[in-house]
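Both complexes below contain subunit A, partnered by subunit B and then by subunit C.
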Partner chain A sequence: MRSGIFAGLLLVTVSAATAFAQGAPIKLADVAELSGGGATVGNNWKNGIDLAIEEINAKGGVLGRKLEVTHADSQSNPGVARAQVQKALDNEPYVLLGPGYSGSVKVTSPLAAEAGITQIMGGEAAELTQGGNKFLFRTSFGQQSSMPKVAKYINDELKAKSAAIVWVNNDFGKGGRDVITKEFAKYNIKVAADLSTEAGQADFAADVSKIKAAAPDAVFVYLNEEESARILKELKRQAVAVPLVGETTLVGQKVVELAGDAANGARGHVGLTTDAPVDLVKAFREKFVKKYNYVPDHNGLKGYLAIYMVKATTEKMGKVDPKKFADTLHGLTIKAASEPGILMDVTFDEKGDIDRQGFLVEIVEGKQVVKQVLPKLN
Partner chain B sequence: MTAAGKYWRIALGVAVIAALIIVPMNFNRYGLYILSQWTVMTIAAMGLNLTLGYAGQVSLAQGAFVGIGAYAAAIMTTQGMPLIVALGVAIVLCFAIGWILGYPALRVQHHYLAFVTLAFSTLAFLVFRNEDWLTKGIYGISNIPRPNVLGFATNRPLPFYYFCLGSLGIVSLAMWWLIRSPWGRAFVALRENPVRALSLGIDTRRYTLMAFAIGSALGGVAGTLYAPLTQYIDPVPFNLSLSLDLLMMVIVGGSGFFFGPFLGAMIAVLLPEWLRFTQGYYLMLYAVAVMLLLIYSPTGILGILDRYLTERRTKAASALRAVAKSRLETAP
Partner chain C sequence: MSNLLDLLVAGLATGAIYALVAVGFTLLWQTSQTINFAQGEFVMLPAFLMLAVMHAGAPFWLAIILGILLSLLLLGLGFKLLLVDPMLRHGVLPLAIATMALAIGMKEAVKQFFSAEASPFPSIVPAGDVWILGRVVSLQSLGVLALAIAVVIGLTALLNRTSIGHQMQATAQNPTVARIIGVPVERMILLTFLINAFLVALASLLITPIYLAKFSSGEVLGQAAFIAAIVGGFNQVRGAIAGGLLIGVVDNLAAAYVSTQYRAAVPLILLIVIILFRPQGLLGRPEERTV
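For the complex of A and B:
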């Protein structure tokens, strides 16, 4: 009797093992800001992931195996993020996805590295990839690569000698502000006003009058989308006529919708935007809108790309090997011609930073117009 | 209480402690992390329970004190100082600030006091965030080391959990002693009827400040454990929502009951984790569960138990009375 049970158990184990080898789903774990202050970030990221996985599975998966993802909510709190990443790692996922907040990435990346699991995240703070972590990869430009382009533009094209900086006081805004302040110093651009604002701030009248009083040659605006729209309106109301320069969050479609006329003339550097003049990106946007009924921000794109990074890397290896994943992705170039899901050609360097084309755009009559395509470096 | 009842209680206590020591040995890292979090939150909630449950002062600043403790630990241990020194600094600092914050409590009560402490909570958050030179601002402090306790490294999750559990044990014993001491009685007198307490010769002024200061110091103790637990801190976890969370733990567990914070923290830390299988609904279900509980029993979980025990005692007493009465009637 006992031997019968044993044999049965053995049979189950063996058959489970073979099933695993042949076509068991590849398990991915996502930890993101699904509630709390970063809920827009996390939900866009999650939806991007789900969309990509649905597409890939519909076409037969990766190396004949389906992708499967579990989503866990970090509540936008680094302590909770740590717990959830720990839980995800205990289940030995193939790759860890997220989080999006840089603070949450900082607290979780040592855990993933210790477990030898690759982490593909959404954080943009410059320092994340500078600690020598061999398992951490970005999905977008870090601030250390986007801000120099903005500063160069302000210096070369606008010939500004002084600039006001308006930033949102969280790790995203502060990080951008610190990098661009350094870049300004290189070009001898004087920081005429350095204004910290709150996430969710409704009234920018005081900040704008300070900008007016400082009379800079340009204003660098680094806020979230809603706040960007509000400050654009206030800048127009108080008739500030100098060029307004920003990043992805200043010139997005959402800002144009919210700010209306006031958005005209705003310009910025954009790494990932659903308004990019790239056919694959436009197609992505249509698919996303069809499935979720709203236009995603760059976080939706990041989540989508993360999954295609997993697919391309795995196909390059020719097998599902979590240990070799990070090594393979370092130095890998993924071409949109061979992997359309990656949308634009991209290369990952030894630190896990990305190299991809970017755009300088300006809002003209309520439309994003690409003024300049900044090519991929190599 | 009968002697048998007393033995049952002791046996139950020993069983729970043994379970807390033995069962987690098989837990994975995630389970240990959550349990460690529970011990930390319990300590913070015990502090608030003293202020609110025993002394009757509403405070919305406990999260800020956890933050002060966490920052003290993070700043000092990353500079190479041992955690025990940071613990001392955190206790003294939180005690002093709590004492000062207690002064408004002498003049304002209830929701007015809540507003004063709420303002302090916001102030503390702004200091954590804006004083870059000290707290590294919004970037936070990373690589916070875990301590060596009596020569044992606590880097692994299990030893660190035992370290947290041990700290909880020490704090619990101290609290047990405190609320049975004349001070504890004075705190309760303060809550029940301050005027009467004053007329009985209790220095209500001093005890109000004391309740605030000791409660705050326990928040600081919890903070010094929180920092090495997460090994990274930034200002966000110590905003007002932590204070509200702690307040909820105390009320849900049963404010003014010794074991209230243990149960309250268990619900606040573990229940959302258990409910995670419901995906996007877990926080909603959690909120509904807490609301239903408070509607059913405004005095928290231990309030239910208390009500049940009181009822049983009343029943027993009326039964005795009935027996006595019938005896009287049948007596010739």
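For the complex of A and C:
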């Protein structure tokens, strides 16, 4: 009897010790656009995060500890995003994930920096990483990296002498418009029409009429995904035949799904695409489709990569230390050969911007076709 | 000039859809003093009903028929029996507030049970262009305009040329007298709710391929149609039609010639001018009430 009790106590002690060695779960907080105008962005991002965490936890977690994430909905509203981030930071997460909208990142990043918590986000506005915030990291190219490539393409490949710019009137759109306007000036490309539109705008008939009246050689479209789909339909309806060029938000999977045939012929630079000719990206796409039954856009990739950034950085440190996380990630190169979850080799600079290979794509018969691979710079 | 033609065609096509929705506002107001602030969401829902039927494997034509039938059931009969009848006895204001609550409930329910993301929706008008006055005009714009005008003409004929239409007008003008002369007032009121449900289902079918199916898509439509109904005349069907077309055109011209940013303000300015100088609306008739 006494030996039985002793054996039981020993078993409990061993179990507790094992649990202690494995540690409590590493808590991550995600604030994303799960509803509202950015629902496509936020839901892809969230699903990418969940897929990566499931994979990592199935293989034993990070340094023996499981990852655990809470998702909060910003409703695509910067004010709500700020409140949700404050609430998330009160729970002292290891890393803050999101939001995806640049405007929401802009108002939330000071909170995370003040708390000393690293924020890995999906925003692409150029200004986000220009303010000296040492805790903010991108998952994709900023506009300062992508717009020069787009302008070069419009000048070199399309030989356009004039272009119409259609942009969404928020931080994301205005940032893109400002950078591309400067780039056009370098190539002496005349801005034939400069059209600001509203987030969530449904009717683009008047905007497209203005484009037609301006008769540009190309149209640069820089809107969110749903609005991109609507304007593509209207451009087709009004028989605008000049090349339509944009960024990821013009040629993403969701845009193709929503715009249907109207998306054919649209071209753009994408930092991340599930159609990339990279085996690890193809494998990611298969896993994502198997789990969620749809093809993700670049936001799904961003969410997935964010988690593998957490894993690689933590393993580089050899410990779970939220205060040292940002310092470790600055200047870090993560190679896909050693961490396949990162999909492509990537380097993070001192500002939190990334260097990675990119792609020029065109929509052909409802599918993204990669026309050109732009190599990693360093 | 050619640009103006494009804008007019696009504006009239959108305006025709506003007119369909605005007519529903006036019909419900005339027969039962109901101001339905969920009218925009009434336009949003039928598209999701049709999508749900298509997701179940039905072809588009069957989805249209079932979607319209479900709309008649939910947005016509159900709306009247479950919300309007119990609330109306408490006055117009509680009912108006209840329809605001209904609008929120419908949006959240679609978001919850379908998706917060936009979904594509097929068009009943085939893609393609035709040449008019030397300009390429989209077949879809013309189709939407033609179908909406056909429905409006049909509705006007129903109201003015048939016995049922006359009974509905009698009910709208004076339900007590109408009841005395043998008009089945309750049945006529129900009929207006069913007609409203049909109109919003049709508007949904026409506008959703352009705006995409999204839980929040009714907000803009509801507001535009409400303004159209007031501008045209809240107590006249023809006023709502004129108001809808006018708002569609003014909105497009404002976006092109004033500013895209301020386009939403222009119909509101028009609304204020109408309220100040012709409160009964462009084609409405003055109403006097004693207290």
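Methods note: the second predicted complex is superposed on the first by the 311 of 378 C-alpha atoms of A that agree within 3 Å, B and C clash if a C-alpha of one lies under 4 Å from a C-alpha of the other, contacts with A are read in each partner's own complex, and residues count from 1 in each chain.
Just so we're on the same page, contacts are C-beta pairs under 8 Å (C-beta built on N, C-alpha and C of every residue); 3 or more make two chains touch, one makes a residue touch a chain.
Because the structure is predicted, anything quoted here is derived from the model rather than measured.
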Task: Go through the superposed model and pick first if A:340 touches only subunit B, second if only subunit C, both, or neither.
output: neither
Task: With the two complexes superposed on chain A, say which partner A:34 touches: subunit B (first), subunit C (second), both, or neither.
output: both
- request: Return first, second, both or neither, reflecting whether A:169 touches subunit B, subunit C, both chains, or no partner chain.
  value: both
Message: Can you tell me whether subunit B or subunit C touches more residues on subunit A?
response: C
Message: Looking at A:87 after the superposition, I want to know if it touches subunit B, subunit C, both of them or none. Which is it: first, second, both, neither?
response: first
- request: Determine, under the contact definition given at the top, whether A:103 touches first (subunit B), second (subunit C), both, or neither.
  value: first
- prompt: Does the superposition put A:78 against subunit B (first), subunit C (second), both, or neither?
  reply: first
- prompt: Just subunit B (first), just subunit C (second), both, or neither: which does A:116 touch?
  reply: neither
Field: Residues of subunit A that lie at the interface with subunit B and also at the interface with subunit C
entry: 34-35, 169
Subunit A to subunit C touching residues, read off their complex: 34-36, 39-40, 43, 169, 195-198, 200, 202-203, 205-207, 209-210, 212-213, 226, 229-230, 233-234, 236-239, 254, 257-261
Statement: In the complex, subunit B touches subunit A at residues 28-30, 33-34, 37, 129-130, 137-140, 142, 226, 229-234, 236-237, 273, 276, 279-280, 282-283
Field: Interface residues, subunit A side, partner subunit B - complex
entry: 34-35, 37, 71-73, 75-79, 82-83, 86-87, 89-90, 103, 106-107, 110, 125, 127, 169-171, 174-175
Query: For the complex, which residues does subunit C have touching subunit A?
result: 3, 6-7, 10-11, 14, 111, 115-120, 127, 129, 136, 138, 140-141, 209-212, 214, 216-217, 220, 251-256, 260-261, 263
